[in-house]
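Order as written gives the chain letters A, B and C; numbering starts at 1 within each chain.
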Amino acid sequence: MTNAHSAHDLLLRANKITKQFGGLTAVNEVSVDLRKGEIHAVIGPNGAGKSTLANLLTGDLPPTSGHVTLNGQDITGWTPEKISRHGMGRSYQKTNIFRSFSVWDNVRLSAQSRSQPMPFNPLAWLQQASHMTDVNERAERALELAGLQNRRQAMAGAASHGEQRQLEIAMTLATEPQVLLLDEPLAGMGLAEAESMVQLLLRLKPLHAMMLVEHDMDAVFALADQLTVMVNGQVIASGLPADVRADQSVQAAYLGEDH
Amino acid sequence: MSDAHAPLETLPRSLKILLGTAFLALAAFPFVGTDYYLQMVTRMMILAIFAMSLDLLQGVTGLVSLGHAAYFGVAGYALAFLTPPGEPVSLWWTLPAAVGASALLALIIGFLVVRTHGIYFIMVTMAFAQMVFYAFFDNKVLGGSDGIYINFKPEAILFDLENKKVFYFFTLALMVLVYAFLRRLLWSPFGRALAGIRVNEHRMRALGYGTFNHKLAAFTLAGALAGLAGFLWGAQSGYVNPELMGFHMSAHVIMMVILGGMGNFAGAIVGAFSFEYLLHVFKDLPQVAGFHLGKHWQLWMGLFIVALVVLAPRGILGLFASLLKDKSEKQGPQT
Amino acid sequence: MDFVNFLIQLLNSVQYGLLLFMLAAGLTLIFGIMGVVNLAHGSFYMLGAYLAWSLAALTQSFTLAIILGTLLSVLFGLLLEWLLFRHFYKRDHLDQVLLTFGLIYVFEEMRSILWGDDVHGVTIPDVLSASIPLTETLSYPVYRLFMSGVCLLLALGLYLLISKTRLGMKIRAGAFNHEMTEALGVNIKLIHALVFAMGVGLATIAGMVAAPVSSVYPNMGSQVLIMCFVVVVIGGIGSVKGALIAALLVGLVDTFGKVLLPQVAGMLVYVLMAIVLLYKPEGLFKN
């Protein structure tokens, strides 16, 4: 179900994607549109298939059927690295950083991916990674956006949970994607940290097409331009947040319990 | 890989000074050492190159290969096949040829094995190395179980490799060159990517890195450098046999890297020297009450390995680093 | 080749395959359930063979030797698990590789000290020493059929245990989630010890039963280990069914390979593994 009247560019379209594991259908003919300048939130109870949907869009899982289009290109069945290079950025629900590297090295390595020479190129073996100015600039920008400039020396594994969630986003931003897929960026955050994160997401909105998987309902209704509700692998409602909120089936299946 | 093996990528200053001193000692050694010890230290340096090549794969990229000796042995055999029985052959083309042979084999096997992970990777690297072993062991054409003799050291023209001191310095130079090259590579974008793959390959892919190609490149390069060591081994000992490609050789080099401390190449050098020295110590053990301790050196080696893995998983350099850390902590916070 | 020769080679393939299965099943179970790679697995095979030789000579009874031998090695396996292995389930594969490689050295030397380095033969008990005539000139040894029979019986027993009993269910549950299984009241330590003991037992029985045919010699453990690894890789880690099918496949390729293409026979099995890897890097029956 797509919202027909939107003036923003369509960057990612998932068209009736399905994922079956043996007898279990984890995601059932789900369609999602992501437009530049919009935050599209995907909500639903645990086990609804939200993370599986994210994995299908990033190439971590190949869909059983259906298509995914990114920037006009059919990316169905592409490897995660190829999809990333095509403009996809993803942050993870379970913090997926390089724990034994410093905060700066995490972001720098992420930025480096866009300037990475061919691995079999012997000349590249003699370059100095820390001297790559374009990489350093990209990393610096991402670090500042995420508000981690003062924590660059800290070892990522030793940083606080909130900082690690910020790092999670910074790494994604360092690759300068057009589409952002954020899996529970507010998970486990205190009030102040969550507020900073919400502000960050709003700052990112104009430049990206964003999909937000979240449980924090306050944040969802503060941020989302579009809302999709998933239950048991299926979309039960999709559209403007106000409309979805008022939808009877959604109230019954999901929102009723949380509010 | 667990943090127990988190490598000492940046060597502490005291360690650098120590290593510098060791290098000077090595450079001075031929002027004070006997021929026997000269040969022994040359062999240790050759094994150090072999160990550094594995460190690139294991310590930096996190790929545990149980079949690295295949690329070591193949280069030695390449020299054997290229050297006619009656005269020496030129160093300047046989060295690249032998290294190239190892690199090619590593590229082919790497293409097949790099797609596997974890335990599978360990098993398939071992399996393919055994395949290479049996290919040489079972075929008289390739020398069979008896191996092949290399009657002349390669000819360098500019210097005489038949002279033990010259061969020593040649090996020392190559060892230092390989070390410098690998240290440089460690901090290159390629090296950083390999480290990233070791720590979190999944995220590397999500960030857009072609991890398969990176791992394959590392595997091939490691194979090539192992080939360099194998060529030197063949040249020095004048004899190659399938054991050079065997499981024991692969396991020994893993142990050298672990013993010294992984991921910084200095540990590989320390480990190679220590392991060889230890082997000598065990083999030279005397008879005690009718029981010949030295004959059963494998028992002592085995127990030592078990002890190492239980007590000091980060190896010699790891212990050294821990001591340094403790010392700085005891000194209290410094501004 | 004519039919009788084909039949003989087929029987040989199955016998070799089933023997490999005994080893591979133990290895794949220990990998799949405890996550530990054991390079010394071949040493248990060797232990079995040497025990068969000693105990058969001591007791003059092959049957008694097998029973005693199995008991002794299972006890030894349990001791090892309790002393060493169980502390390594959560450690790096690298640490496990090192530990078990060290153990190979220790076991080889213990064997050298206890039994020496000579090659020995074990005589086939009289009752099994006959041959079934197939043609005027060719016959098939009963003992080899006995070997296949024993392996088949144990394979069946393993299948029934794992899929039809409560213990089997607990074992399978333990493979997926240790903490959860423990939380449900299952004594996971006991399960691990049992699985380890089973693996050791299967390997030793294989060695004992194979001894009369393969002889008893120092390197027998490492030779069979590598084939075992190939079987597990082809079959898929943790899959006993995969191990069986892969073992039979390897048995067929190796046996017929040696007869039809003797020059490259040694490489054929690895070519098979390479082909499987290209299409299914995690084995034919990934768990």
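Here, a contact is a pair of C-beta atoms (placed from the backbone, for glycine too) under 8 Å apart; a residue touches a chain by one contact, two chains touch by 3 or more.
Predicted, not measured: the structure shown is a model, and the values here were computed from it.
Of all chains, the one whose Cα centroid sits at the greatest distance from that of subunit C is A. Central chain (C-alpha centroid nearest the global protein C-alpha centroid): B. Rounded to a whole number, the gap between the C-alpha centres of subunit A and subunit B is 43 angstrom.
For this pair, subunit B with subunit C, the centres built from the Cα atoms lie 32 Å apart. Rounded to whole angstrom, the centroid-to-centroid distance between subunit A and subunit C, based on C-alpha atoms, equals 48 Å. Those residues of subunit B that touch subunit C in the complex are listed here as 1-2, 4-5, 58, 64, 66, 112-113, 115-120, 122-124, 126-128, 130-131, 134-135, 138, 247, 251, 254-255, 258, 296, 298-299, 301-306, 308-310, 313. By the touch criterion given at the top, residues 58, 60, 79-81, 84-85, 90, 96-101, 109-110, 112-120, 124-130, 132, 171, 175 of subunit A touch subunit B in their complex. On subunit C, the positions that touch subunit B within their shared complex are 31, 37, 84, 87, 91-95, 97-99, 101-110, 112-113, 222, 226, 229-230, 232-233, 237, 266-267, 270, 273-274, 277-278, 281-283.
Taken together, the subunit B residues at the contact with subunit A in this complex read 3, 6, 181, 184-185, 187-193, 195-196, 199-200, 202-211, 213-214, 216-218, 220.
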